[in-house]
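Note that the chains are named A, B, C and D in the order they appear, and that numbering of residues resets to 1 at the start of each chain.
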Amino acid sequence: MAETVLETRGLTMRFGGVVASNNVDFKLQSRELRCLIGPNGAGKSTFFKCVSGLLTPSEGHIYMRGQEVTGWQPHQIAALGVGIKTQTPNVMDALTVFENIWLAARRFHDVAEATARTDAMIARLALGPIARTDVGMLAHGERQRVELGLVAVGDPWLVLLDEPAAGMSAEDVARMSEIIHDLTRTAAVVIVEHDMQFIRAIAETVTVFHQGSVLMEDHVDRVMADATLRAVYLGKKG
Amino acid sequence: MHRSAKQETLTTLTVAAGLIWLMPMLIGTYTLTVLVIYGMLGLSLGLIWGFGGILCFGQAAFFGLGAYTYAIAAINIGESTLPMLLAVLVPAGFALLLGAMMFYGRLTDVYLGVITLVVTLILFKFINSTAAPHYKIGSARLGGFNGIPGFQTLNVPGDPDAYIWGDAYFYLCALTLVLVYLLVSWLLRSSFGRVALGIRENETRMSLMGYDVAARKTVLFAIGGGIAGLAGALFANWGEIVTPGLFSLGQSAEIIIWCIVGGLGTRFGPVLGAAGLAYMKFLLGQQSLVDNTLITGLILVLFVLFLPKGLLPALTQLWRASIGRSRFGRKPQNRRMRRSNHG
Amino acid sequence: MDLSFVILIEMLYAVATLVLISAGLAVVFGMMKVINLAHGEFMMLGGYATITATSLGVNVFVAMLVIAPLIVGLIGLVVERLVIRHLYGRLVDTMLATWGLSLFFIGAATMIFGNTTTGISTPIPGFAVGAYQINGYNFFIILVAIALVLALLAVLKGSRAGLIARGAMQRSDMAAALGYSPDRIYMATFFCGSALSGLAGAVLAPLVGLVPTSGGAYIAKSFITVIAGGPALIAGLISSATSFGIVSQIFTFAVSPVMGEVALLVAAVILLRLMPQGITSRFFKGKL
Amino acid sequence: MSLNRRNFLGAAAALTASPLLPRAAFAADSIKLGAIHDTSGIFDAYGKPMDQAVRLAVQEINAAGGILGREVEVFAYDTQSDMALYSQYGQQLTRQDRVDVVHGGILSASREAIRQTMRKTKTPYFYNVLYEGGVCDRNIFINGVTPAQQVEALVPYAMGKAAGKKVYILAADYNYGQITARWIQKFVADNGGEVVGTDFFPLDVSDFGSTLAKIQGAAPDLVIAPLVGGAHLSFFRQWAAAGMKGKIPLASTTLGVGNEQKVLTAEEGDGIMVAYNYSQELDTPANTAFKAAWAKAYGSSDNIHETAVSTYQGVKTWAKAVDMAGSLDRDALIAAMESGISIDGPSGKITVDAKTHHAVLDVHLMEFKGQKMQVIETLPQRQPIDTQAVCDLGTNPNDNTQYEIQI
């Protein structure tokens, strides 16, 4: 019986008079991979920020592995063993690749163990040649990969990724898919994504957001075939 | 990592010993003492600003608090050991409270600047208006604008009549600075220091990695406050009087200028900037052709415009560019100011 | 009755003074996101410009309202060209550079005018309210502050230049896209901001003894007022000046002028702790 | 500018210790006089003329053949209105330059910053400034007026000019102001008056609007305002601007020390009552000669003020005592100073009080008129009664305290 690692009940977020996220109920089983899609302004990013602690929801509850985490700070949520990656590459530019990943590992392990895990992660991500380079000097795709390394090195059981494939080359996207699949061996993964190509490549179940609410939730192929969705998605996005 | 740390400590000790031996032949020890103390004060801001990204417009508050704590405690106790300790703990505690208030309130850059500036002003205005006789802590009158003179100066622990002053006091201050410097180096090499660097670079990312950013910044801020307090106590012993001027914005400004000129993100830069600029001010007091404030201001503007990284990083880069390239063929790769020695 | 009227006037005067000393800083910060820490020294220079012009025989009101703003505005223009424009987008660096400029101006003024206190006397006589004599000049300051706010409103809302400026305030690239050089806009804004600082310094000059370090007394207060006001220029300026002015005057009358100043500072700390982005980030959203 | 250059050259010459002037007339080694004043920064209005006074006095001494046949050489430092630099230059003077005497210090804080250094190194120290009184230290000589000397004379005179007996006090919030306010309270009571309010203002307060309202609420017959510095000057402006002048008379123990009578307009200043040891308007031969000498050396005598004159007189008194002692030995000098020595300076006769090392001097009651301090009446040879009440170096030569005089 799979454990529910993430659950929201009646999650609502208002900004002034605007309801960005409206009464969202959401459930995620362990080692499940779920993509959140929807047009711009559909509320998926707001949902993501609420779950990762960057925003405190106006109403509703968030549970992780059965524990209520509503209103927790991001660092408290991350400390549970949740890996989070925000939209734009979010790394420490003036530090080297090694230092970036080492800092993430050090949060959960002692110095020797953190160093060993960092080396392993660098090898796994094929970052070896640039391990001693400042992240600020790297290309966009490499930075995204480094950030994925930060997320993965802590052995999370839940991973939240906001547009991991944005602005990447096809080659980078392929490598990214591989890493994400790797992650699902130990963790449940939530991905907010625009890139349908990428979603088709990796997703099974997707949740579609529209105007702050969950419009539908189904297997990717059925969702893609759905006429309502087409109207919503393509109508808005053109 | 261990080897390089040991090597660096050795280098620090050698250079320090050389300077402590050489400098008294060039400059009077009395002046040197205050340069050393300012160096420590510069280092305190260099630590929290250069390595923690916390721009504090009120470092003088901790400096003044350390000096006043020492003076008040020394008058009441009549022996200097406990007052010295208090002079570190009280400013550190104050910084801890202030830091917690600011960082848990998620205040950043400009807003942080305003709060630290305002708190310094409040302290200054308060201390400045304590001339009336009822402002007393124990048997120590706060003295308002005139400050507190005539307190017990540093003595050999346990023996209040064995004063440490003159040359001995210079060597003591210099040694203390070396110790603080090594302590800061150790701190920055430790995981705590590396995390602080990470926070300086990207707070959000670090908190998403599970680090309690507010707590870490608060602790770093308190350490900086404690070092500034120590410098303040040493300064009180040197000047044998404490005045509200220690809390002034002008004093805060000078500390910031020292760091900018010396080089942010380095440990030695702020020390160098502090000692160098303070000595320049001392020399300028012996002429009256050009106003000293004008020169200080000009230096600050020129550095921000043309050498924003400060002297030390610029010199290091120059050194690497000329010597480093020819001998090791390694290109300087750091975009910003810091180098790390992991692994 | 007389006393309460006097207190009311003093409160209005305190608010007006805060508006006046903060306006220049607020314009520059609101439009350009530049904190000009030499603002106090611009005020000091405005004071000296007034005194010098008056001693050369210029009518004191002309000196205060025309000559001082013009001269300080021009100084600001030079500063913008030489220093500020190299630092756009680097908030902390501009703060440090303008702090350096502030020291530079103090030194320069010391070399030119000396440290001896100078000043001019108030050009408006006092008058009686019941048993109390009131400084008539206070009314002049209140009037100038009101006129200043109205003028700012008119310019920002009513004129083409204001429209462009507001656009630049929101997004600097948009103004550029519309064919206006942001460089020009910034230059003009800094000129206006400096001129306002000069005006404030000039208008306040008759009330205080002027020395080259006079600016220091203003910069902290205006800095606090502007930051606590938050993103909306005029609404922020008025709301924070009003809150701080009233708080400080209550404590001034109840306790002492020092406690008034301390109360202002404490209020600022509490306010920023509660509303880290300033008053108008919570209230008056999207207003000017 | 020429003045600045002279200062600079003077300092440079002092530093290299090789004056270019012909020195054949003097014995081989000169007498070293340390001078330490704020000649830049916010206190330079006080410090610059004091520095000039030292140089003028030394110039005159050397022109008359020096002291003990030796030339006097000035070692001057500018403390830039920074208290930390006092400690620094104080050490420089005593340890490095090894001067024979130090004149200087302006604020009480600056005096306290160097007093112990002077005492430890046995360097005689002359503090030539009016101050709050109470310093009791055998190594220091002070020739400025203390509050009791001023207030004792000023209060009865000012109260005589007032319509009633109610007095309001506005004082600078630091040591000097606090102590002076207490002396005013005492002398007001002694003269049968009543103090209806006392307010203290830190030195940076410049807005007195609320204070004006408060004073009017209390409706006093006389306001005495020992306010200090540039910011406080605005009180006198705002007082006049509100039309209070002519309604309630005003007295001060500080206004005019920095030549403030020249900054206020005649309309603002006229009628304010003060009491000092010196006014430029003193019509004595000594003062006329002094002003002429000053004008000859510095171009104009406009910037002479009380502390400059005190400094001038301090140097002259020291020179006389060294001559009398016949040596530069500190204890011989102190003995000579304690012998009841006196000089006739621009401000009148100055006698050293052996018991306190303070000065017995003339206090002149004055009123501001047309940007000048007109002398109304001279009270000759007033004793420093406040310090005398607590300090007796004759019976207790090792005393080293600044007493807070209980009134």
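The working rule: a residue touches a chain if its C-beta (ideal position, glycine included) is under 8 Å from a C-beta of that chain, and two chains touch if they have at least 3 such contacts.
Source: prediction; values computed, not measured.
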Least hop count linking chain A to chain D through chains in contact: 2
Both-way neighbours, i.e. chains that touch chain C and touch chain A: B
Per Cα centroids, the chain farthest from chain A: D
Centroid spacing, where centroids are CA-atom means, of chain B and chain C in whole angstrom: 33
Inter-centroid spacing, chain B versus chain A (mean Cα positions, whole Å): 42
Approximate Å spacing (C-alpha centroids) for the pair chain B, chain D: 37
Where chain C touches two or more other chains, by residue: 110, 258, 261
For chain B, residues that touch 2 or more chains besides their own: 125, 129, 291-293
Set of all touching chain pairs, with the criterion as stated earlier: A-B, B-C, B-D, C-D
In the complex with chain B, residue positions of chain C that touch it: 35, 83, 86-87, 91-93, 95-97, 99-108, 110-111, 216, 220, 223-224, 227-228, 258, 261-262, 265-266, 268-269, 272-273, 276-277
Footprint of chain D on chain B - complex, ascending: 28, 30-31, 34, 125, 128-129, 131-133, 141, 143-147, 149-150, 235, 238-241, 243, 245, 281-282, 284-289, 291-293
Residues of chain C defined as touching chain D within the complex: 3, 6-7, 10, 13-14, 17, 110, 114-119, 121-122, 124-128, 131-138, 206-211, 213-214, 217, 249, 252-253, 256-258, 260-261
Chain B partner contacts - residues on chain D that touch it in the complex: 4-5, 7-8, 11-12, 15, 39-41, 77-80, 82-85, 87-89, 91-92, 95-96, 107-109, 112-113, 115-117, 173-175, 177-178, 200, 202-204, 401-402, 404
Residue ranges of chain B touching chain C (in the complex, touch as defined): 55, 101-102, 105-107, 109-111, 113-115, 117-119, 121-122, 125-126, 129, 249, 253, 256-257, 260, 290-305, 308
